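To keep things clear, I will list the structure first and then write my remarks on it.
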Amino acid sequence: MHNPFVPETLEGWSVLHLMYRVRWDRLRQHPSRDRERMAAEAVQALAVPDAGSTAFVQVLGHKADLMFVCFRRGFEPLAQAQLALSRTELHDALDATSSYVSVVELGMYEMTAKIHEQLGAKYKPGSDEFEQAFDREMEAQRQRVMNRLFLDLPKARYVCFYPMNKRRGEALNWYSESFERRAAMMREHGMIGRTYAGKVTQVISGSIGYDDWEWGVDLFAEDPLVFKKLIYEMRFDEASAKFAEFGPFYTGLQFAPDQLDVYLDGGVPQLA
Amino acid sequence: MHNPFVPETLEGWSVLHLMYRVRWDRLRQHPSRDRERMAAEAVQALAVPDAGSTAFVQVLGHKADLMFVCFRRGFEPLAQAQLALSRTELHDALDATSSYVSVVELGMYEMTAKIHEQLGAKYKPGSDEFEQAFDREMEAQRQRVMNRLFLDLPKARYVCFYPMNKRRGEALNWYSESFERRAAMMREHGMIGRTYAGKVTQVISGSIGYDDWEWGVDLFAEDPLVFKKLIYEMRFDEASAKFAEFGPFYTGLQFAPDQLDVYLDGGVPQLA
Amino acid sequence: MHNPFVPETLEGWSVLHLMYRVRWDRLRQHPSRDRERMAAEAVQALAVPDAGSTAFVQVLGHKADLMFVCFRRGFEPLAQAQLALSRTELHDALDATSSYVSVVELGMYEMTAKIHEQLGAKYKPGSDEFEQAFDREMEAQRQRVMNRLFLDLPKARYVCFYPMNKRRGEALNWYSESFERRAAMMREHGMIGRTYAGKVTQVISGSIGYDDWEWGVDLFAEDPLVFKKLIYEMRFDEASAKFAEFGPFYTGLQFAPDQLDVYLDGGVPQLA
Amino acid sequence: MHNPFVPETLEGWSVLHLMYRVRWDRLRQHPSRDRERMAAEAVQALAVPDAGSTAFVQVLGHKADLMFVCFRRGFEPLAQAQLALSRTELHDALDATSSYVSVVELGMYEMTAKIHEQLGAKYKPGSDEFEQAFDREMEAQRQRVMNRLFLDLPKARYVCFYPMNKRRGEALNWYSESFERRAAMMREHGMIGRTYAGKVTQVISGSIGYDDWEWGVDLFAEDPLVFKKLIYEMRFDEASAKFAEFGPFYTGLQFAPDQLDVYLDGGVPQLA
Amino acid sequence: MHNPFVPETLEGWSVLHLMYRVRWDRLRQHPSRDRERMAAEAVQALAVPDAGSTAFVQVLGHKADLMFVCFRRGFEPLAQAQLALSRTELHDALDATSSYVSVVELGMYEMTAKIHEQLGAKYKPGSDEFEQAFDREMEAQRQRVMNRLFLDLPKARYVCFYPMNKRRGEALNWYSESFERRAAMMREHGMIGRTYAGKVTQVISGSIGYDDWEWGVDLFAEDPLVFKKLIYEMRFDEASAKFAEFGPFYTGLQFAPDQLDVYLDGGVPQLA
């Protein structure tokens, strides 16, 4: 049933972020050609079976050395990817430090309000006619944004990932605000984002029911300063200032899968 | 003594969730037939002695690789199951990362109010007659819902587990709300759940006095998107928006016990 | 000096809870007769030197496999017990996961008020006469409750341990409430407890100055459902609803020390 | 510049608390005379080079087995002590679990107010004359309390250490209270402490800028019940009830350095 | 687009703090000349490729033994430094315990207000003329403070590092305060800092979008008491008292890179 207090969402790729520390002491014991073989096997494990993509990231700092971001058609191929990587020889030299399970999501505040209004004028809300017409509208909308739901992982050099919640505090509670207030705050939030268009690509994925925060955010850019400028500016908009709670941040350099052996051998791996 | 401020509860299976990471580096050292033997022994350890069931789940992400959900007649057979698994050869390649101890529970807000009202009209509340009649009513009720208290673990492919509390904040405190307000909020909460009937099966277990949160929630569905849609919609009802606090989420794919060796050998295990 | 805002307390046994995970992979390498010897040595280490008792508990879940609860005459014999256990062969297969240091304590809200009132009518509060008469009254009281201060560890099958605080929030602060309000809330709290008499034995120990929470609570019962019913009902009384903060819960099955080798060999150990 | 809102402080010893768990499995592999040699080397590493003292403590519970408290002339000899201990053979059987970096500190609320008042009557606050006269007064004060700034570590049997903060909450904020209110609360706090004179010795050290809490507190007594009584009573004074936040508590038995080998061999070590 | 609610920032070095515990048990197994070789290789790995500097710090306490602070031209050379160190023989004896990713940052509250006012009088805010003139002003400003954005790491003996946030509480929220209020609080905050000029050097780096806190603060001084005095005094200014949240503190002694082998051999390493 379509609930007028709940923004409709459209879903795309299933997403798995996997973060690992490299146990360099184990790798050091191997000759270079072993590391080459280990890299090749790991790249193979994360190869995309039918549809989707995988990003390889060299992470800065101690929280992880490597982050793999997997976009797949569902949880089955995600399970397959994680299991395949776990079974590789390279995995013996990796310690899993974090992960994130989510689904690419477009939140549709404005569309939700519009459809409820238009269809509410024609049909009794909650009636079969209303629900079916609503489903048809959502499906049409889904077709229109298919390329954003099933995007390729952006090829920019710098990546920033963090999970976040909308606050449910005792005084400030996103989920107790009216639909209109929430929609207005999201509109303001989106307008700031739009001034960074071309400099940064943002992918939002929903994780309610899957992981410990409500959303995951991936940012991709050619200049890492853009991450700081964008997030700092957004921190002053009302949706963020009052209602955003942020988890840990992972920052790193994306590289081409075929550069994994370069990395294991001590060279900063390149994107292309 | 039956306290009119406290909702009565009915209890079923004793429940133990056990989460483990697999130490793939240890498993890799074994030939395939060793892993077969290890799988068989572990399945045997978790076999149900007299009554109950056990779910096997391949978890996504780093929090666990495997989750076992044990429904048993009491804490004794739970202790037996955990101990038997701990003594297996496979256990040498498992690291326990989390667990949850609880008892399947039906909260009876509406029934509690109704019995107090009906019996309070006949007997002096707290009198022996009142208490005995109350106990008889509860027992009758228990017989009526026996199949929900002692259900079989649902056979759906996707599983989501998380623990939760009702908030006891300085301003918003579930336990300081009146019985009527709590009952009304639970009714609204339940009505949203009902619109998902047929798409998701929910099992609530109580863990006050047993574990670090007040309740455990297991959801089972054939489509994992349902978890996100359901929990997101519920987040806007008053019971959740104002009073729910959520612990870590575990999401995964349920599989048949006889597929454990397939999993250890690198294949995504199937449910049937 | 006896402070009329502070409830007097009487103290009994010094208490040490020790929680361990068993490293089953290490134990597996030994033949059965080694485990027998290891069990015997550990039981000897925890044997009571002169006065007190020790409870052995098989804990459910991943937080611990074994919990030992030591009641002793003071911190010296507690130090001796922990050190003796640390030096055993079995200890090589144990990982300490938690512990709790406390002293059995009876809080005397009603008695405190009564003595202050009675002696305040005779002597100037704070005068030597007042203080000495107060000390005599407390000592007489101590003699009267000696068997509760120096109780034997109850022999019930199920055990539940958790630490707790009284809240010191910005709006709700137990320590800023008047003595009378606190006394009244503790009276209500105690009355609920009394309706469970015979079904559960409760031991409160104070840990202010010794450990990270203010009190430890041990519950003993023959039916673990009683823990859930009791604590859930109490959660609605004002002292708990508004002011209680709870730490981690440990739940398990008490067993006789001479069953430790049965446990190490894979059998659920029995109490008698 | 002397700021009239900030209480002046006087500083003494630089302090380093070092907490370790003993890896008894490693020690067990050695014959007794090895442990003697290891103890002797560790005692030597913590020997005081020119001025100061070192306390050895057997800690109760799992948070640590050993705590060393080092008083030294500055951070250089603290660095030297930690490094020397790290390089010993015994250190191979120790796991560092915690530590605390601080400087013995006397807070001077009353003196600060008095000097500002007296000198403010003579000189323009902030003027060179004012500042220099203030410095001279503080130096004179420092000479008067030299024995409290550079005390010997008390030789009592029982030790309790915990770090603490003054709350900076949204409603209750120590640092937003007026100087006079803070001074009055500290006076009340100190008066309770004084009623325990002779039973307990308290050492306060400041750690703002050095470690994760604002102050460290060490208590020394011949009877550990005194810790509980003192801290419980203080919890009701306004400074503690409303503004104190406490970190983890470490409780143990102080012993003479030459008893370290007794401890490693399984005997509870004695103070003298 | 220049947003009048958001203070402009100027950026300099990219910064990576790397904290490690030394596994002394591993180092002990090597003869002294091995440690010399390992030190030389690690110093080489952290040598500055083209521009920047690296600080070596012996940290007090258990949180880390060594901290390396890397100033580099961007994230690429930071990635190169971390990877080079990870690949050294010494790294086999290091456990990464923490890290911090940030960019040297000057916050420009006063300048931001001034430029908006001046250019707003000439151009329509948001117009191309306005934006371009604004960019020119910022670039001119950047040239003026180039030596502060690309400073050398100060050579003082004592170092203190901590991350911090501006509070986004339910009642007190830095990001909901007006630009003018924030600017006034930062001015007061800066004035206290200025009274410590010559005694302490402060480096602020921004980490929004890069790491788990919003800013990192490094302090350098010849006397560690200055850290305590400065931070304690600042804690009473409004910006800190009401809005600052502090992460973990790391305190230690800076030393010259060529003293690393002295340290590994047990001598407190010197700065020059």
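Which chain is which? They are A, B, C, D and E, in the order written, and residues in each are numbered from 1.
Here is the rule we use: a residue touches a chain if its C-beta (ideal position, glycine included) is under 8 Å from a C-beta of that chain, and two chains touch if they have at least 3 such contacts.
The structure displayed is predicted, hence computed values, not measured ones.
Colleague: What are the mutual neighbours of subunit B and subunit D in this structure?
Modeller: Both-contact set = C.
Colleague: Count of steps on the shortest touching-chain route from subunit C to subunit E?
Modeller: Graph distance in the chain contact network comes out at 2.
Colleague: Between subunit E and subunit A, is it the same set of residue numbers doing the touching on each side, over half shared, or a different set?
Modeller: Here the answer is different, because the shared fraction of interface numbers falls below one half.
Colleague: Taking each chain's centre as its mean C-alpha position, how far apart are subunit A and subunit C in Å?
Modeller: Each chain's C-alpha centroid was found; their separation is 47 Å.
Colleague: Which whole number of Å gives the spacing of the CA centres of subunit D and subunit E?
Modeller: Using C-alpha averages as centres, the distance is 29 Å.
Colleague: Counting only residues that touch at least two other chains, what does the list for subunit A look like?
Modeller: Residues 170-171.
Colleague: What topology does the chain touch graph have (line, ring, star, complete, other)?
Modeller: If you draw each chain as a dot and join those that touch, you get a single closed ring.
Colleague: Spell out the part of subunit D that touches subunit C in their complex, as residue ranges.
Modeller: Touch list, subunit D to subunit C: 21-22, 24-25, 28, 58, 60-63, 65, 158, 160, 169-172, 192, 195, 219, 224-225, 227-233, 235-236, 238, 240-242, 244, 248-249, 251-253, 263, 266-268.
Colleague: Note which residues of subunit B are touching subunit C in the complex, please.
Modeller: The touching residues are 1, 3, 5-6, 9, 11, 14, 16, 18-19, 74-76, 78-80, 82-84, 86-87, 89, 91-92, 96-101, 103, 168, 170-171, 173, 175-176, 206-212.
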